[in-house]
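To start, I am sharing the structure in question, which I have written as structure tokens.
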Amino acid sequence: SNKLKKFIVSPYDPRYRFWELFLIVLVVYSAWVCPFELAFLRNLPSKLVLVENIVNGFFAIDIVMTFFVAYVDSKTHLLVDDRKRVAVRYLSTWFIFDVCSTAPFQPIILLFTHKGNDLSFKVLNLLRLWRLNRVSTLFARLEKDIRFNYFWTRCSKLISVTLFAVHCAGCFNYMLADRYPYPENTWIGAVMPTFRSESLWTRYVTALYWSITTLTTTGYGDLHAENPREMLFDIFYMLFNLGLTAYLIGNMTNLVVHGTSRTQKFRDSIYAASEFAARNQLPVSIKEQMLSHFCLQFKTEGYNQKTMLNGLPKGIRSSIAYSLFFPILRRAYLFHGVSNSFIAELVMEVQPEYFPPKEDIILQNEGAADIYLIVSGAVNMITTINGNEQVYAKVTNGDMFGEVGALCNITQPFTFRTAELSQLLRISRTRLREAIQNHREDNDILMNNLFQKL
Amino acid sequence: SNKLKKFIVSPYDPRYRFWELFLIVLVVYSAWVCPFELAFLRNLPSKLVLVENIVNGFFAIDIVMTFFVAYVDSKTHLLVDDRKRVAVRYLSTWFIFDVCSTAPFQPIILLFTHKGNDLSFKVLNLLRLWRLNRVSTLFARLEKDIRFNYFWTRCSKLISVTLFAVHCAGCFNYMLADRYPYPENTWIGAVMPTFRSESLWTRYVTALYWSITTLTTTGYGDLHAENPREMLFDIFYMLFNLGLTAYLIGNMTNLVVHGTSRTQKFRDSIYAASEFAARNQLPVSIKEQMLSHFCLQFKTEGYNQKTMLNGLPKGIRSSIAYSLFFPILRRAYLFHGVSNSFIAELVMEVQPEYFPPKEDIILQNEGAADIYLIVSGAVNMITTINGNEQVYAKVTNGDMFGEVGALCNITQPFTFRTAELSQLLRISRTRLREAIQNHREDNDILMNNLFQKL
Amino acid sequence: SNKLKKFIVSPYDPRYRFWELFLIVLVVYSAWVCPFELAFLRNLPSKLVLVENIVNGFFAIDIVMTFFVAYVDSKTHLLVDDRKRVAVRYLSTWFIFDVCSTAPFQPIILLFTHKGNDLSFKVLNLLRLWRLNRVSTLFARLEKDIRFNYFWTRCSKLISVTLFAVHCAGCFNYMLADRYPYPENTWIGAVMPTFRSESLWTRYVTALYWSITTLTTTGYGDLHAENPREMLFDIFYMLFNLGLTAYLIGNMTNLVVHGTSRTQKFRDSIYAASEFAARNQLPVSIKEQMLSHFCLQFKTEGYNQKTMLNGLPKGIRSSIAYSLFFPILRRAYLFHGVSNSFIAELVMEVQPEYFPPKEDIILQNEGAADIYLIVSGAVNMITTINGNEQVYAKVTNGDMFGEVGALCNITQPFTFRTAELSQLLRISRTRLREAIQNHREDNDILMNNLFQKL
Amino acid sequence: SNKLKKFIVSPYDPRYRFWELFLIVLVVYSAWVCPFELAFLRNLPSKLVLVENIVNGFFAIDIVMTFFVAYVDSKTHLLVDDRKRVAVRYLSTWFIFDVCSTAPFQPIILLFTHKGNDLSFKVLNLLRLWRLNRVSTLFARLEKDIRFNYFWTRCSKLISVTLFAVHCAGCFNYMLADRYPYPENTWIGAVMPTFRSESLWTRYVTALYWSITTLTTTGYGDLHAENPREMLFDIFYMLFNLGLTAYLIGNMTNLVVHGTSRTQKFRDSIYAASEFAARNQLPVSIKEQMLSHFCLQFKTEGYNQKTMLNGLPKGIRSSIAYSLFFPILRRAYLFHGVSNSFIAELVMEVQPEYFPPKEDIILQNEGAADIYLIVSGAVNMITTINGNEQVYAKVTNGDMFGEVGALCNITQPFTFRTAELSQLLRISRTRLREAIQNHREDNDILMNNLFQKL
């Protein structure tokens, strides 16, 4: 809704987001092609050079564009669209890195020296890998975006890292063999003496195969280091793998623990309830009420939502209560004619509760308790005559119960038991009395409503 | 108890549950035989074809049957037995998949073309693996079923997944070797040149052996990929293994953490209590009380049950309190003749507590405290004369203590210390006073009871 | 102190404990020797037979003895010393297993048949391994015994399990090779064709070496399965290893998480405090107070002890408060001459607190707050004159401060700041007033004490 | 600031810290060179002997110096600078170990015997490794120092341990081969028959390569144990590796869990809020308020800081409240002219809260609520006329709202909604009333201020 300055693009603009996504694709291409060129392509085919220049062109456009993209200030959390501040911020942070990872070094240097070391150019090309920080930024954003599943976001991040490591190590190890003076004394030459004349596909697959055999610590041993140079590289690669494997396992453990915590909490509750019932020889009906309560809470994720609501500030909780419960209370017979401010005060203290079928809410002869309002579902009024339970009536959607006991301070005349899955609003007796004391003029209306019903 | 419509079966019907279990057995058979056929059996023996057709028949019956099985609506949590809704739900979800995984493609296609590619039929057979979703559903249900140990349920799930992965990879790898044009250039042919003439048992065991050597990353290297095709398969298998191993370790860590958390919490409590006693030079008797309290709580799982009870809604907690404590309070001498509603009000606030032997409950000269009622066990009344403790009397099952101090507001005349493991009910002094104020007519009876005892 | 019946031994008797420990040593010997005999010793040397019979004798004695050892009933938590109940319990549980694991099968069967299969006897010997359940019981007890470090108890358990698995697998794998018809076609024969004539030491070390190479998934491949029988054993061993390794890692993770949780909580507190101070530009002195508070809490394990105390029932907390604080309060000038019951009531509500040096406890001009009593350390009274802080006086061990503000309801005339590490007792103002209201007769004495001081 | 006794150095002295750091560098050198000498250098070059003597000299200086360094007493947490106590403490703890790890055994023994076994001297040199405890002390300190990132501190500790293990095992394994009577029958001789004449570099890299191949369980198998002696060493090394790998993974898991817990808690909140909004069909505006609240809390680390503040004692919290809020309250129009002690009492109960833009703080027609004071940001007063929201006014920095409702006990006349990210102070209505009751004389001033504004 906020209008930005002229020529300034919002970072949330869908077209800009699409552009960013397009660049990510190019980054993935660069990350794959850079080590590959270095290791396998002694003479770069002209087609590949063309593609590379086009890719560089896109990144050059992006560098220019960044000067026209607003940013969110980390202190005020507001969008800054002042062109000068945008430029200063970019120039003082990543500008140099972006330029270095985009500049076409080969043509520039050739301009001056007319002759260049092939290898050093290719190594300079590795500066392109700086672009990978875009991918890491993307993953950091995806992790916080709840539209994407955390488990799969995290997994695809780990898989990307692993694949990139495998690819790089495979390429580098091949390069070591390719440039070693005695081809037959290299990891690949020892089993494939004429490896240089093999097809590119065979050589690349073999390199990847060695790389992943080492990374997963399978280590068949059919391909292994043959000279100190390769051994040294292997040492560093295995050390890195140790860390990477531990990191992968650590992440997976974290995800598994998080993913099963709800089920485990549920099982612990159920187990504790069963144990408690068995130890105290509780009647089966009560045991089943306990179990079905925990099952319902598990299915509706009741526990998490309660924790979440407690974390909100009072203002938002008021808004929620007002939006959800005001119309329901307004329609209840007990509050016909009372002032809006009375209901507004009451509404803040209302507690919504879910009850599974056949659960006792109020017990006959129990002392005065809270008042319940049925939002959905149905509740049976049950009376016990000569020890037999009889359903006296059924109260449904919009009805209230418990109000006689609470307002007249008498023991409950009936047991109230849910007939089906019901959502109820609980109004605390104490809170109701406080509200009545604050609005004396509404007391008579309320009592009038009550007596008319009786 | 709920009667379903005619011809509609309940999903909880034990006969239907048995049918489901029977199908699971068939699924396991299918899952094992599908990859095995593909890899090892060039010409399917007629016996196996017959068995397969019978299995398919059972699944066809199940497809028809599913139209007559009620389901639980995810919103209302009620059983839906309307035949039309059942059919619509099935047709719009898994029907197509079930049909595809059951249809006998081979005969159907042969009907039209008279000639079929053997391999493509076998690959079509892999559609049978869709049936495995039944196993995954079963495990999801078992995990939430407290009749089964969570640790072993989870372990058997992981073992099943591992074994299936090992079996599939072994079969697929053998197939690669079997269909490779140069048998001596395959992973198995390199060490067993005439492998095709070996017994089925030897070939299958060798394939499994290679598969598990790779999965566990042991990688002896006696059998290893020999051509790019096998290398490529190995790469994917090893990547999958990396994930699977991390997943296995993550799950095991989760189970270990969960399994030892109670012991660790117990040890932390005991350690903190010992440290506290040492730092403050507490008398040995108090230190031992602290330690034996935590030991008892650990043995009776007191901590978990407290947490569980706090998670229940007020209605159920009332039912439990009423069921457990009403008869006990009714029998107590102090409440002879008082009204039921008085006890009903009091019963909600009663706290059951376990005490190990030799633990002080009330100290002599302490201010007025709560009232205790002995449910089981025995408590010594101890008085200190000239610094020597003397057991004045022993109160047991059904007796009360602390009521004189609480009702007359005087300091405690005796120390009360458990003689053996005792379960007590604690009635808060404040709550008792509130209940008396709400039932003025019961006050005199109560005081009369008290004075008669004194 | 409890006297047991005649001829009945307590399970806590130190001599019985020593006997149990002695048996554990024999169990370890049995567990090592059983698989070893099976694999490596075709003809058992007579010395070993003798040792074995002696060991069996000890276990036979233990079976008899168990009939005279009292046990703890799991319901009442009391020691049962009734000889009949002890016997019934043992006969109905582990008696059969213990007898089977002790009986000398070889002599018994030879008595009847005069000829026995050597191998089957040795396999019967594996029944001895049932004795290992004693080791598992021992570890379960050690884990709950706080005299032993949990980390090392758990580690030694895991190491024992690992070593036993390595030993068993090594022996069993050797047995497979030893009894295979074609010695040169076995895992050991392939590299050591005349392995049967090698020394026992070489063969055992080689078997262990293969076993651990496989268990740790190193899998050099110098020794590997050569025939389907060995492959099959390898498959099961590797599957078992997968589980064992995951279990080891899970346990280690659990221990690491538990071991570092205190440091991490400490770091989180310190980090949050620093961030908070930086964000709100708090004065350096307040920031340092926050940091030194958390450091002190970390060093004194204050957090864990608070949690532990909250978990104790009221009775024990009263005992602790009474034992720790009554003498200190009794000596305080303010309570000279007041009744014991007044102090007894107050003592339950006293809060001990540690303060690092230079921490503000009460601020000048702050409203009436709580009363503090110095148990150890020293506190400076500081007054601010013309913006300069001046130390007015120093209060030490046994002194009180804050009482004037609390009892006369005036703002604090001084800032109180600790001069060194101090332990203080905090008496809540509200609680003190309540106690005074309950003991009107003590009010005058108290006020008199206060005015005499002023 | 505290002056120490003459000639006594503080352990916090920056120059002493530098000296300690310098010794750490020497320790690292010793730890690397000790095993290396033992394995690879049959005849120690004189240069190396010189360097070693110099290093030993530095450690000898440190031993002397330790007698002059004060230490922190673990009970009183105070610095002890008494020279006698410092000396007693050092002599009774690590003195012997330090001397043994520094003494030049070779010259001493040669003095007496004139001839010494080369190997035994070198083994004695391993006593130098005792110095490593300095590194472990350093890491223990770094872990608690928040200037260093916990993740990287822990990682570098683990990497150091791993590298040291790899180096030691490589050296020791080489030594085994070097001193074995049949060179061709050793792990290195089997592939490199003339290994003794290879360059030092090749031999060291090969040893390291074998060591790390085993540690990471890659186990290519190109280098493997060839004789029982090497097998035995391998067995112990692999067992050690199993533990080390589990420890590495456990640590990494711990770090990953800790590192992602904030993001996961955030995602759980966001997910629960979205679910709750969807289930209850909340208006989009309220849903967005909920989400932006959690986002803000995540960005400002609000949750951790709240927990941290709750852990502080009352004294420090008072200091913080006084320092942060007193000047702000003093400037508020409502408190013009009221006494300082009134504000001082109020200030303790003030709650700072952050609100994202467009969040409702007070709702129109809501009952009397709390009072808010704007510290930064801006809040719109909104009134709803005929269902249309209209901005009536904007209150900013230093303004108050809600005070009319709270003090006059009327319903809120306006909705207050943040216009931008705002920091507010919330003053509880109940607390304000209590403060007014305690300072009756300030009541009139307050009410006067209020009416003047109206």
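Structural remarks
Labels A, B, C and D are assigned to the chains in the order they are written; within every chain, residues are numbered from 1.
Note that contacts are C-beta pairs under 8 Å (C-beta built on N, C-alpha and C of every residue); 3 or more make two chains touch, one makes a residue touch a chain.
Bear in mind the structure is a predicted one, so any value in this text is a computation, not a measurement.
Identification of common neighbours of subunit A and subunit B yields C, D.
Taking each chain's centre as the mean of its CA atoms, B is the chain most distant from subunit D.
Different-residue interface: subunit B and subunit C share under half of the residue numbers found at their contact. By number of C-beta pairs in contact, A-D leads over the other of A-C and A-D.
To overlay subunit C on subunit D by their CA atoms, one rotates by 90 degrees, a value rounded to a multiple of 5. One inter-chain figure worth recording: subunit A and subunit D are separated by 26 Å, centre to centre, where each centre is the mean of the chain's CA atoms. Distance between subunit A and subunit C, defined via averaged C-alpha coordinates, is recorded as 36 Å.
Across the assembly, subunit D contributes residues 217-221, 245, 249, 251, 253-254, 257 that each touch 2 or more other chains. Looking at the complex, you find that subunit A touches subunit D at residues 76-78, 143-144, 146, 150, 214, 217-221, 224-225, 228, 231-232, 234-235, 238-239, 241-243, 245-247, 249-251, 253-254, 257-258, 300-301, 304-305, 307-309, 311-316, 318-320, 322-324, 340-341, 344-345, 348, 438.
Listed in rising order, the residues of subunit B touching subunit D in the complex are 217, 219-221, 249, 253. Contact residues of subunit A toward subunit B in the complex are 155, 159, 162-163, 201-202, 205-206, 208-209, 212-213, 215-222, 245, 248-249, 251-257, 260, 263-264, 266-276, 279-280, 282-283, 286, 289-290, 293-294, 296-299, 303, 353, 355-357, 359-363, 365-367, 369-370, 409, 411, 420-421.
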